[in-house]
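After the structure tokens below, expect a handful of questions from me.
Should a chain be cited, it is by its letter among A, B and C, assigned in written order, with residues numbered from 1 in that chain.
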Amino acid sequence: MNPANEKLFELLKQVGGYIYPNEIEVHWGILVVVYPYLTGLVAGAFILASLVKVFNIKEVQAVYRLSLLTALAFLLIAPLPLLLHLGHPERSFEIFLNPNFTSAMAMFGFVYAWYLMVVLLLEIWFTYRKDIIVWAQQEKPPMKWIHKVISLFSTDISDEASAFDRKVVKGITIIGIPSAVLLHGYVGFIFGSIKANPWWSSVLMPIVFLFSATVSGIALVIILYMVITPFRGEPIDMKCLDKMASFLFFAVIIDFSLELLDFIHRLYQSEESIKILSEMVMSKLYISLVIIQVILGMLIPLAIIVAIKLFRFDEELRKLLYFLSVILIQLGIFATRWNVVIGGQMFSKSFRGLTAYKMELTGIEGLLMTLILLIMPLVILAILIKIFPPWEKPKGSMLGEGTA
Amino acid sequence: MERRTFVQKLLALALPGGVFGLFLKKSTVQAAPYEAAKHYYGMGIQIDKCIGCGRCVEACKEENDVPREPFYFRTWVERYTIKKDGEVTVQNIDPRIESGLEAASERQVLRSFFVPKLCNQCDHPPCVQVCPVGATFKTTDGVVLVDEKRCIGCRYCIQACPYGARYLNPKTETADKCTFCYHRITKGLLPACVEVCPTQARIFGDVRSSASPLTRFKRMNKLHVLKPSLNTEPKVSYSNLDGEVR
Amino acid sequence: MKNFWKAVPESLRRLVLVFAVLAGGFVSIRFMLPPSLKDNALHVKTTVAREMVKTVKYAGSDVCADCHDQYQVKKNGYHRNLSCETCHGAAKGHTDDPIEVKPTLPKLREFCVRCHAFNPSRPTGFPQISSAAHNPMKPCVSCHNPHDPKPPQVPQECQACHAEIARTKAVSPHVALECKTCHSVPDEHKVTPRAVKASIPSVREFCAKCHGKDSPVKETPKVDLATHGEKYLCWQCHYPHMPEVK
């Protein structure tokens, strides 16, 4: 007997009630949890950057470039877990060649390509173009050549050209916000449009995904900012941090309200599936949903931020509390993705039983792979920061950009 | 004399003609290509006739090379036991294990019956809607098929099927499901499950034909389909389907 | 045109070139692909064709009668609607090469018991036995011809066929009553049970013989027919084989 079957026979013993016989295998495992988590970070980081740009929020200018690079680093890795979970990754090009236009998933290729090529890369390129040209002039090979190629051998650093760059960036940001909404709203739609699955099938799903994405993206940028800045030997700008925490606070409030609305709506309508869903929440998802997602990931961070707003803590304590709450929020959002993806497969579509999911340690669908996938974007981000330093300004940099 | 020659001539004409005609008939019968547009398939299931022997499940696995492990089924049979206090127990019957006697001693059983399940070959198949690469599609004759050479194994169709009728074939790593034994029905044979069912609990046929066992089944019974609220419009219909069946 | 191109900012010109190269690359790659990778109609056609040529393993019962005359025996018996392959297994190999490949011949009791063991979920009227009690050591074929199955001799006891009723009655207050007390059973019923049926009581007064207010029978629950049960017949509320009133 092969090990995969052995695992399924093992799971067979943990099934409670009746499930359709084909439902024993949990088809979307941890990799599909990682995918919406990563895309959420992309959309969230980008939305933060866009807020800064569109509403010209002075305090947060310091993290504008960092947010953009974060979005890019995570976007580059985001499709990887999807690709790895496929039965035939080598056929994935079919999604581009023969997209089925009624399939939400087929739109992946287009949304992703649009977001990467038209929004993110362009915005970064126009933001950095002048700096890169100047860097290339001052540097030695090989960095010189890398920057030359990335600048597409552009040479124009006149004021008109810079003014044009700023105009374009503004324009892209305005297209970018709906694009980011589309990118993550669409991920929510992949789940929300499955009428066969009452845990997923909800018109709120794309919106809940979007706001939880914003929450996780802002929290991630705060973490990165708080970790990277001391390494650079710079002081943490508390105004910037407080402002980002405010954004985070409002995003969490909206996210929490939406999820509460979804919860109350389900409970009040109390449809055919309510019995098995409440059974699932109280058993299989109790720790990941009630404890981690709601209490640790939402209520405690909210309480911390409210406390910071109410009482005048000194800077060091504030930093500590902020850091604690963003870490908790990050954990909570990962649990949110877990509860959606895994939770949606823990109950039988016969509404008569619950199945089990056991994550492997090694292997493609394993814990190690998951950790690698979660660390890879950070490695890419480190490389991106090397190539596009978000802080160093060459002489004569654009005046429009606020400085930290 | 005239008469004799006439008969002889007639024979001389008729014999080779007859032989030729026979040959012609045989060859046309064999060579007639299958015309999908002339068919639209469906199945009827008579709950009251199913004895839960599971021969259909075995025949299906044999005919279609479905993996034998109990996690991969193109068709399966559920056993419902409804007790007086309303408690419903459902099992996926394993015909190799003689079961049921334990329930016989149970005084509390209100009613009990078997329900064969398979792909409903929906007219509005949600699996086809969600396939990102169009690897699964509805044929002209109404059967939902999967192209195992194109399927990328994303399993979105498995998630979208309300009936749990799809599985990921571990050999091909692609989605797999009941095809109504497409290779059989296009040759005029019955699907394997229908062929071996000892009690005619399953009736296969053309939903558009005016006189066929399936049409008779549809005329003589009050019918129901599974999960009609999802608007998938199944082409597998059940007679005497109990409300507890999902 | 050239002036227009010059008027475009330098940065944009470079980007337009890059995007033009990318788009051109995508279009030309698509153009160079073989039709099998991009023509959807062709893909559907090849999948259907691939599905149609899959190996048939169950030959279908029509062909068996060409060589085997058991069909003549079977067509009048209770197993007349069974396909040969229900018991003998997939036999396309045998019809292709009748000498070398032989279909299976089930000999074990377990094979018959899978359909005929008593199971409360099975439809009433389907012949069922308790395997442990029904000549447990003998193979079924020693008494029953599978091509024309019927009881080897006329059954002496009603419970040979009506096992479920017998079991129920055995633990009910009616345990002491013989079947004949309420049913008159013509001898023909034992030979052709469907054609000649046993009688069932038709009037309330029948039950009143024991349960009426004025009945001479002692120790039975008594009711006044004039006030009890209104318009209903007794067995519309009480199951006579298991009357719930003690």
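Definition applied: a contact is a pair of C-beta atoms (placed from the backbone, for glycine too) under 8 Å apart; a residue touches a chain by one contact, two chains touch by 3 or more.
Bear in mind the structure is a predicted one, so any value in this text is a computation, not a measurement.
Taken chain by chain, the contacts link every pair, so each chain touches all the others.
Taking the mean of each chain's C-alpha atoms as its centre, the chain lying closest to the overall protein C-alpha centroid is B.
Put simply, the chain farthest from chain A by mean CA position is C.
Here A-C and B-C were compared by C-beta pairs in contact; the pair with more is B-C.
Centre-to-centre separation of chain A and chain B, using mean CA positions: 45 Å. Centroids of chain A and chain C (each the mean of its C-alpha atoms) stand 52 Å apart. Averaged C-alpha coordinates put the centre of chain B at 14 Å from the centre of chain C.
Shared contact sites, meaning residues of chain C that touch two or more other chains, fall at 40, 43. Across the assembly, chain B contributes residues 134, 150 that each touch 2 or more other chains. Of all residues in chain A, those that touch two or more other chains are 98. By the touch criterion given at the top, residues 40, 43-44, 46-48, 50-58, 60-61, 79, 81-83, 85-86, 89-90, 110, 113-115, 117-123, 126, 130-131, 164, 167 of chain C touch chain B in their complex.
Residues of chain C that touch chain A in their complex: 9-12, 14-15, 18-19, 22, 30, 33, 37-38, 40, 43. Chain B makes touch with chain C in their complex at residues 34, 36, 48-55, 59, 62-64, 79-81, 95, 98-101, 103-104, 109, 112-114, 134, 137, 139, 145-147, 149-150, 179, 182-184, 186-187, 189-190, 192, 195-200.
Only residues 4-5, 8-9, 12, 17-25, 27-28, 82, 85-89, 91-92, 94-95, 98-100, 102-106, 108, 190, 193-197, 344-345, 348-352 of chain A touch chain B when the two sit together in their complex.
Against chain C, in their complex, chain A makes its touches with residues 97-98, 117, 122, 125-126, 129, 152-156, 160-161, 164-165, 168.
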